[in-house]
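Consider the two complexes below, in which chain A is the common component and chain B and chain C are the respective partners.
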Partner chain A sequence: MSDRFWPQALAIARRDLDRERRSGEVAWVTIPFGAIALLLVPLAVGVNQDVLSRIGTGMLFVVVMLFGVLTSIRRTNIETPEQRDAVALLGIDPVAEFAGRTMASALLLLVFEIVMGAVAVPLYGLDLVGWGWMFAVMPLTALGLAELGTLSGSIASSFNAGPALVPLLVTPLAIPLLLGATQTVTAIDSDRGNLSWLVLMAIVVLVLAIVGVVTARPLQETR
Partner chain B sequence: MSASAPLVEFEGVAARIGMATILRDVDMRVRPGESVGVFGSNGAGKTTLLRVIATLLRPSQGRARVLGVDLSSQDRFDVRPRLGLIGHAPALYPELSLVGNLEFSARIAGASQESAMAALATVGLAAAADRPAGEASHGMQRRVEFAREIMLSPDLLLLDEPHSALDPSAIELVEHIVAGVLQRGGAVVLVSHDVDRVAPMVTRTAELAGGTVR
Partner chain C sequence: MSDATRRRPSVLDIVAIVAVIGALAFSLSSPRVESQGDAARMLFIHVPTIWLAYLAFAVTFLASIAYLVKGKLRWDHIAGSSAELGVVFTTVAIIGGMIWGKATWNVYWTWDARLTLTAIMLFVYIGYLALRRAIPDPETRARRSAVLGILGLVQLIPVHFSVTWWRTLHQTNTFRPRDIQMDGPILAALLASVAAFTIVYAALLRSRVRLAELELRAHIAAAAVEGPVAGDAVTAPAIGDGGAKP
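Moving on, here comes the complex of A and B:
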């Protein structure tokens, strides 16, 4: 790792967060639409508190996954070829670029998860017992989805595949994260072991990080 | 690499985009202190030539060396910070301010934050430093890109249609930047379809036609 790695990664993260701060896309588009999606489910299935509390955790993470990955992918897709070339010519370490993008997306997704959680708990009547585990589940989900979105966005832009390819790449790979997050929280409620699901999530996050690091240079080269 | 060694050395270089061969059998040498103007009509392959020199597009054939590094080797990534490219379309982030764009470049390249504001002042945009790039005119955005090159001082500067969207004072600025690179012992390659406007800035010219430099 070069001595420029962290300054470059932090510069990329700061750029992405600055762009988000000025465009307000997550704050004014993604979060309201995510909240509306959570609100629509009770309208669709009827206001049956038993049903809602049973599906609530799953719905929370489905919304987080769908909207979260879109947010993360968008960070990569809004970049023009000229902007990508300019960053490459500044001598960016592609791994630092992957790390910086992932950090920024993970932070935005964590905020998104927290707001969605705050909406879902009263709306679905979720039991707060054992939700301390969310301090582990939410960051892992945010990090995993951020890695996945960054990686998928890079693949799509490198091969000029356009945004249509991205959901096909992301959805299957996000399933272990979705299952892990939902099952960890559900297992807490039913007093079953939950550590194994958390370990699964940690492994997925680690594998995605390794794939991101290993493919960063070849993907930059393919652009 | 000796001081007089060519900064760009192409022999029989070809380049493809997808299935289309854009450049073929290009022979080209650019030595330190030279400013080479490459002229050609639309679609002649001028931008592709610059992208190959900038290490952003790998040659499909031939021998290509830039700043002494073979473009088929992994070392080509190491020369990138010594290259400057101002393309046809601006590469700024519209949400960031003009100075914010330069500060971002400075952070990635390891330059000081103060140099960003100083470079912006050099191109006459200090008063507009906090304006979002998306709200700046095309000409102002071009000036910011020139400010980036002033800040980073590349050894090899590549310019694509440098007069595009610039007023007469900005054109003087481009000439000043080109002269600065040459004085430092660097070189400039600029491509344009407008021979008359670019001629004062170049030490020699070449024509790109049918994908080949003549």
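Moving on, here comes the complex of A and C:
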């Protein structure tokens, strides 16, 4: 890893976050959209508080997963061919670019998760006992989804149907993350060991990071 | 079809047909399982098809790595063709499993870990095929789908181990070399079926890769043909008799 790796990765992350700050796509579109989804579920399944508190955690992570994909295909995250050529010609390490874009998306997804959690707890009457584990579950979920989103965005970029394909590519692959997140909470509720689910999530995050690092250069070369 | 593209059945094709007939004979002549009746014969389709789905997706994974390392389009053809076959075999395995489930559990579908994860695995590879269809340029398609072909393996691991990780309705893995709980004739029919289906997979893969190579040739030929140029419709004015007097 060269000395320029982290400065380059941080510069890319800062650029993405600046673009998001200016457009406000996640803050003003994705977050309210996710909150509406959480509001719609009780209207569809009935407002029985027992049922809602039982399905609440699962619904929270389903919304995080499905609407988190929108963060990956946000308008500010899609680069034009000219922008991509400029990044390549500047000599930015493709791995640093992958890391930077993933960091920016992970931060946005973490904020999204926290806001969705804050909406779900009162709406669904979720029990906060053992929610300290969420400090591990939420960053892992955000990081895994961000890695998947960045990878799928790179795979599906620069052709017409690309952005439409990203949800189909990301959602099935994110299942281990969804299972890990929801099973950890279930394990807390039933006093069973929850470390194995966190380990599963950590392994998925690690595997995705390895795939991202290994394939960053070939993906840059196909632009 | 021209003589260049027409081909006669290969030895592998003939062996595949013979193997399927043999496996069918084995399956139909195997003893009836009292507890499940004839529904148990679905095993001879379900187990080989799910095994081939794993094999096909594993081949896609390995061929994707080989493409990224070697850069030869033949590896991409193998990866794409194998994924297509994997999707077909997974669909057949799910449908076969549902028919068997109705006869045994009295439901077509249950939210069992193995069933659900297998259905999700199917969608991973449907996404892979959708990606391939969306990219017209062969080199770009090969490189990008290779990345997804590698990522797809992440899903294959939880599918296979789901019956161990979760207490599920689905039985544990059928083949456990140290603990075979199956009568000899049924085991022989099952192994014959697995062998026959594997030969069919090899024959289909070979044909599909050949077709992919023909598609590539057609793509290159179409790209080489000079298309219309702007201004083609404008013709030069006729000269020579313009000043002729009537």
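Note that in this section the second predicted complex is superposed on the first by the 215 of 223 C-alpha atoms of A that agree within 3 Å, B and C clash if a C-alpha of one lies under 4 Å from a C-alpha of the other, contacts with A are read in each partner's own complex, and residues count from 1 in each chain.
Definition applied: contacts are C-beta pairs under 8 Å (C-beta built on N, C-alpha and C of every residue); 3 or more make two chains touch, one makes a residue touch a chain.
This is a predicted model, so every value here is computed, not measured.
In the superposition on chain A, A:207 contacts chain C only, with no contact to chain B. Once the two complexes are overlaid on the shared chain, A:151 sits against chain C while remaining clear of chain B.
Of the two partner chains placed by the overlay, only chain C lies in contact with A:176; chain B stays clear of it. In the superposition on chain A, contact of A:2 is made with neither chain B nor chain C.
Within the superposed three-chain model, A:49 lies out of touch with both chain B and chain C [touch as defined at top].
Of the two partner chains placed around the shared chain by superposition, chain B is the only one that A:86 touches, whereas chain C remains out of contact. Residues common to the contacts of chain A with chain B and with chain C across the two structures: 221. Partner chain A is touched in their complex by these residues of chain C: 68, 117, 120-121, 123-124, 126-127, 130-131, 134-135, 139-140, 143-148, 150-152, 154-155, 158.
Per the touch definition, chain A reaches chain B in the complex via residues 4, 7-8, 10-12, 14-15, 18-19, 22-23, 80, 82-83, 85-92, 221, 223. Within the complex formed with chain C, the residues of chain A that make contact are 151, 154-156, 159-162, 165, 168-169, 171-173, 175-176, 179, 204, 207-208, 211, 215, 218-219, 221-222. On the chain B side of its complex with chain A, the touching residues are 51, 54, 56, 58, 77, 80-81, 83-85, 87, 89-93, 95-96, 100, 104-105, 107-110, 132, 152.
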